[in-house]
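Below: the structure, in structure tokens.
Letters are used for the chains, namely A, B and C, taken in the order the chains are written, and counting of residues starts over at 1 for each.
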Amino acid sequence: MDFDFSSLFAFILFGLTIGVVYGIVALGISLIYSGLDIVHFAHGEIYMFGAFFGLVFSEQVGVPYPLALLSAMICAGVLGIVIERVFYRRLTRAGGGYTVAGMGMIICGFGMSVVLQNIAFLIWGADAEPFHVDLGEPYQFGDISLPKSYALTAVMALFLMAALHFFLVRTKLGLAVRAVAHNKDIAFLMGINVPLMISLIFGLACALAAAAGTLIGPMQSVQVEMGYLMLMKAFAAAVVGGFGSLPGAIVGGLLVGIFENLGAAYISPSHKDIYAFLLLILVLMIKPSGLFGVEARVKA
Amino acid sequence: MTATKNRLIAAGLAASLVAGMATVAAAGEIRVGITMRMISENGQKYGQMVMDEIDMINKAGGINGNTINATLLNDECKSDKGVANATKLIFQEKVHLLIGSTCSSVSLPIVDVTAKAEVPQIIPHSTNAKITQKGSAWVFRVPVSGRYYAGVNAKYVGENIGKKIAYLCAADAASQNDCEAMQSQMKSQHGVEPAYAAQVQEKEVDFRTHMQKIKTANVDGIMIAALAETMARALTQSYEAGIPASVRRIGSSSASNSPVPSIAGDAAKGVFFAAAYAAADRRPIARLFNEMVRKRYNINAPDHDFSQAYDLIRIVELALGRADLKLDSGSLAADRTAIRDAIASVENYQGLASGPISFCAAPTPQCRDGNRTAVLIAYTKGGENYVTEVLARVTMPADFGL
Amino acid sequence: MTEANETDGARGSTPMLSIRGVTTGYGKIQILHGVDLTVQRGQIAALLGGNGTGKSTLLKALSGLLPVWDGVVEFDGEPIHQLRPDQIVRRGLVQVTQGKDAYPAMTVEENLKLGAFTRSDRKGVADDLERVFTFFPRLKERRNQLSATLSGGEVQMLVIGRGLMARPKMIMLDEPSAALAPKVVLSIFATVNQIRATGVSVLMVEQNVRMALLLAEYAYIIRDGKILIKGEARDLIKDPNVKLSFLGGTVADTSREIVA
């Protein structure tokens, strides 16, 4: 029997286009982890809120899609900052500093996730909302058709990653963010307003999640429950890439995307969500710190 | 003097107390327990409709002077909650009749509870064929059993669409059931195996791998068996993958739910499915019903969840009216039996449903699957203001698919 | 001992740094029990003591990393003990941490630029970068290397250079000699002296008592969260009790008697 290379190519392409989305959510999770040393369990809900923000701007306010994307990112960023300032900061203070890698923070994250889900439920209801963005006919590569939404998602995601990289490496503020991520006390001694930077990191991470939500909304419709699965996948991506490593988050996202699509195509589609975790276990067995993880604390 | 007066007052109080108790008993209270899936907006609304209809019966004088006291619980389409609800309603509320559920996965385990407790159960919406195959003498199903749906679907598809069919089956019980039934009907009626079959997760969001495979398989039709939102996503992605509209999309029973056309939009156009009710029905009764639902609940075109819940209340009203009920403290078991027998006596009820509903006494699917007529409905326009048309109306023999 | 450091007002109207009765600690554990200390303008003062005596705790309290429970910290005539660390840096008081606190994943140049985070005068920052490179030519050679690749002496130079990038009025050095070869220590101390010559006051925390006393003008010896001995460095270096306490290896109880 002939092996269908064109299909294989298609599956990898599908994996990449969804993988970049996992990647940008994972990027946010890793950013928060490297910046605040907390594992943010409510990030899936921020992603969901971002998708709803995008939907509201696009369909109810009626702005063009790229502007809706930007507005959703800003709103989610602000939401993230408010959550961090009002709730998480109290916990980190109670722990005696700006860093608490404790159970309290994890439980607070879970609690926030439930609260956000219920708020979204009260505002938008339980039903999935269609998010129509007409971008025109799909691109055709021989037998494979790639919807423009997917192409746009991939391009936007790569652009966001590049922009984040530029920000972190080329700007003074980015330098400060990296300093805070590595060591808050030292950053303070550099004259950096660490609490402000933490808010900035949180806002950035949440804006990235919102971008993912708005990008994926038109493909998968928008629903209150959508955050959970994305959180799981992005988590897997972040761990596969090495928790806290930003390039790792992106590569992890792409790998998870490809791996699960190939698994669904060639092994069994009925348990597609398992493949991400299968990959996770495999990587952790071979390299416990993840692909880009560093044993020493050299973050950001 | 004062002592006598006090005694008089006490006696009066006691008398009025006894009298009060007596009037409560005499007014007669038929306790009805309802458990339904009320997780979506529609779910909330048809739950409300059932309660509103019961209220109206009571306001119009009740049933033979007795009032219906209904308790509505939400089972969220979860079997454990459904069973807990049923247990509570039967043993704590001591209901005479149990209505529910609206999910096969919930109705099915409740059948065992009602059979054991000997309480009549009438189901507004659940298609799983097994529900009436358990042999319980206490269960009645208003909607069309899945075995008829698949038969109707397979007949139409084989004769009008083609025999090369791909199947995408989501992992939830109802969709699995619909999918298996359709595949086995395609085999028994037309002797064909699936051209492509894949099981996907209940809430799968990405179907591109399958669509790519289905596209290369060159099929005549795709059956998508999934809950509404999952189906809508699959439909949209089938077009994104470049599968042309000439390949017909066949929906499972949940295709009738309004999220399918509203989320899928243009991708819903041409999707058809077997149902027990069509909003596009031109009969006066259906037009009045549509009008009522639109006015009261602000729903453009009610789906068969609404129509079946409505039919069910009418059938319950009819049966309760026929039953000879004592409604005192010692008559609970007798009253339950009387209600069961009264429902079993309903014959040829013509309501909103696709066909007449008839029950009989034997505890068999032939007797307890009330509606044997399915309509095939197709969307001619998607979106919030979707439009449907009736493709065909097919009645099956009572023992079809057994 | 003389009280010259408090009374000698010849160098300026107010001292650069003046600490009175400072207490602090971690959580409920009190470490400092009322510390008084003064650094005059343009002076190198040394704070000496063994491990666990409260030296680093005092530096953290001065930098704002630890809350001051009680007492007053005045810098350049103004109280700073309720400010955030970044605000204290903006006032011109900069703590230079140990070499291990350079950012290993950043280049030498990035580390130095981070030191100038509070400043927005590009020209001035560029000038100061060159000034740091004249102090430490080795850093110029390695400006694009990750600081993780530097030797122990080089990272110590890097953190001092980074501290200077904020153009401080005063720097506080946390054990600049720690884990370095004597030759390297000598060159670093020489640089500290040069830095002071540019008008920057210095408070140096050290365990290397002999070397510190050679460099500093005034010194404080801390033990159990209290200042035990203070005085002109040239006096202390000859003090037999100081010799016994530190150079002899054991911090004997005799040192208590000195104060009493």
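Assume contacts are C-beta pairs under 8 Å (C-beta built on N, C-alpha and C of every residue); 3 or more make two chains touch, one makes a residue touch a chain.
Just so you know, these numbers come straight off a predicted model, no measurement behind them.
Trainee: Name the chain with the Cα centroid closest to the overall protein Cα centroid.
Mentor: A
Trainee: Please indicate which chain is farthest from chain B, where distance is taken between mean Cα coordinates of the chains.
Mentor: Chain C.
Trainee: Using mean CA coordinates as chain centres, what's the chain A-chain B distance in Å?
Mentor: Centre-to-centre distance between chain A and chain B: 40 Å.
Trainee: Whole-Å distance, chain B centre to chain C centre, using C-alpha means?
Mentor: 79
Trainee: Would you kindly tell me how far, in whole Å, the mean C-alpha position of chain C lies from that of chain A?
Mentor: Taking the mean C-alpha position of each chain, the two centres sit 43 Å apart.
Trainee: Which residues of chain B touch chain A in the complex?
Mentor: The contact residues of chain B facing chain A are 39-42, 171, 198-201, 203-206, 208-210, 212-213, 215-216, 229, 232-233, 236-237, 240-242, 259, 262-265.
Trainee: Over in the complex, which chain A residues touch chain B? Could you list them?
Mentor: Residues in contact with chain B: 4, 7, 10-11, 14, 18, 125-130, 132, 138, 140, 143-145, 147, 149, 219-221, 223, 225-226, 229, 261, 264-265, 268-273.
Trainee: Considering the complex alone, what residue numbers of chain A touch chain C?
Mentor: The contact residues of chain A facing chain C are 96, 172, 175-176, 178-179, 182-183, 185-186, 188-195, 296, 298-300.
Trainee: Which chain C residues qualify as touching chain A in the complex?
Mentor: 27, 63-65, 84-86, 89-90, 94-95, 97, 101, 103-106, 110, 113-115, 117-118, 148, 162, 166
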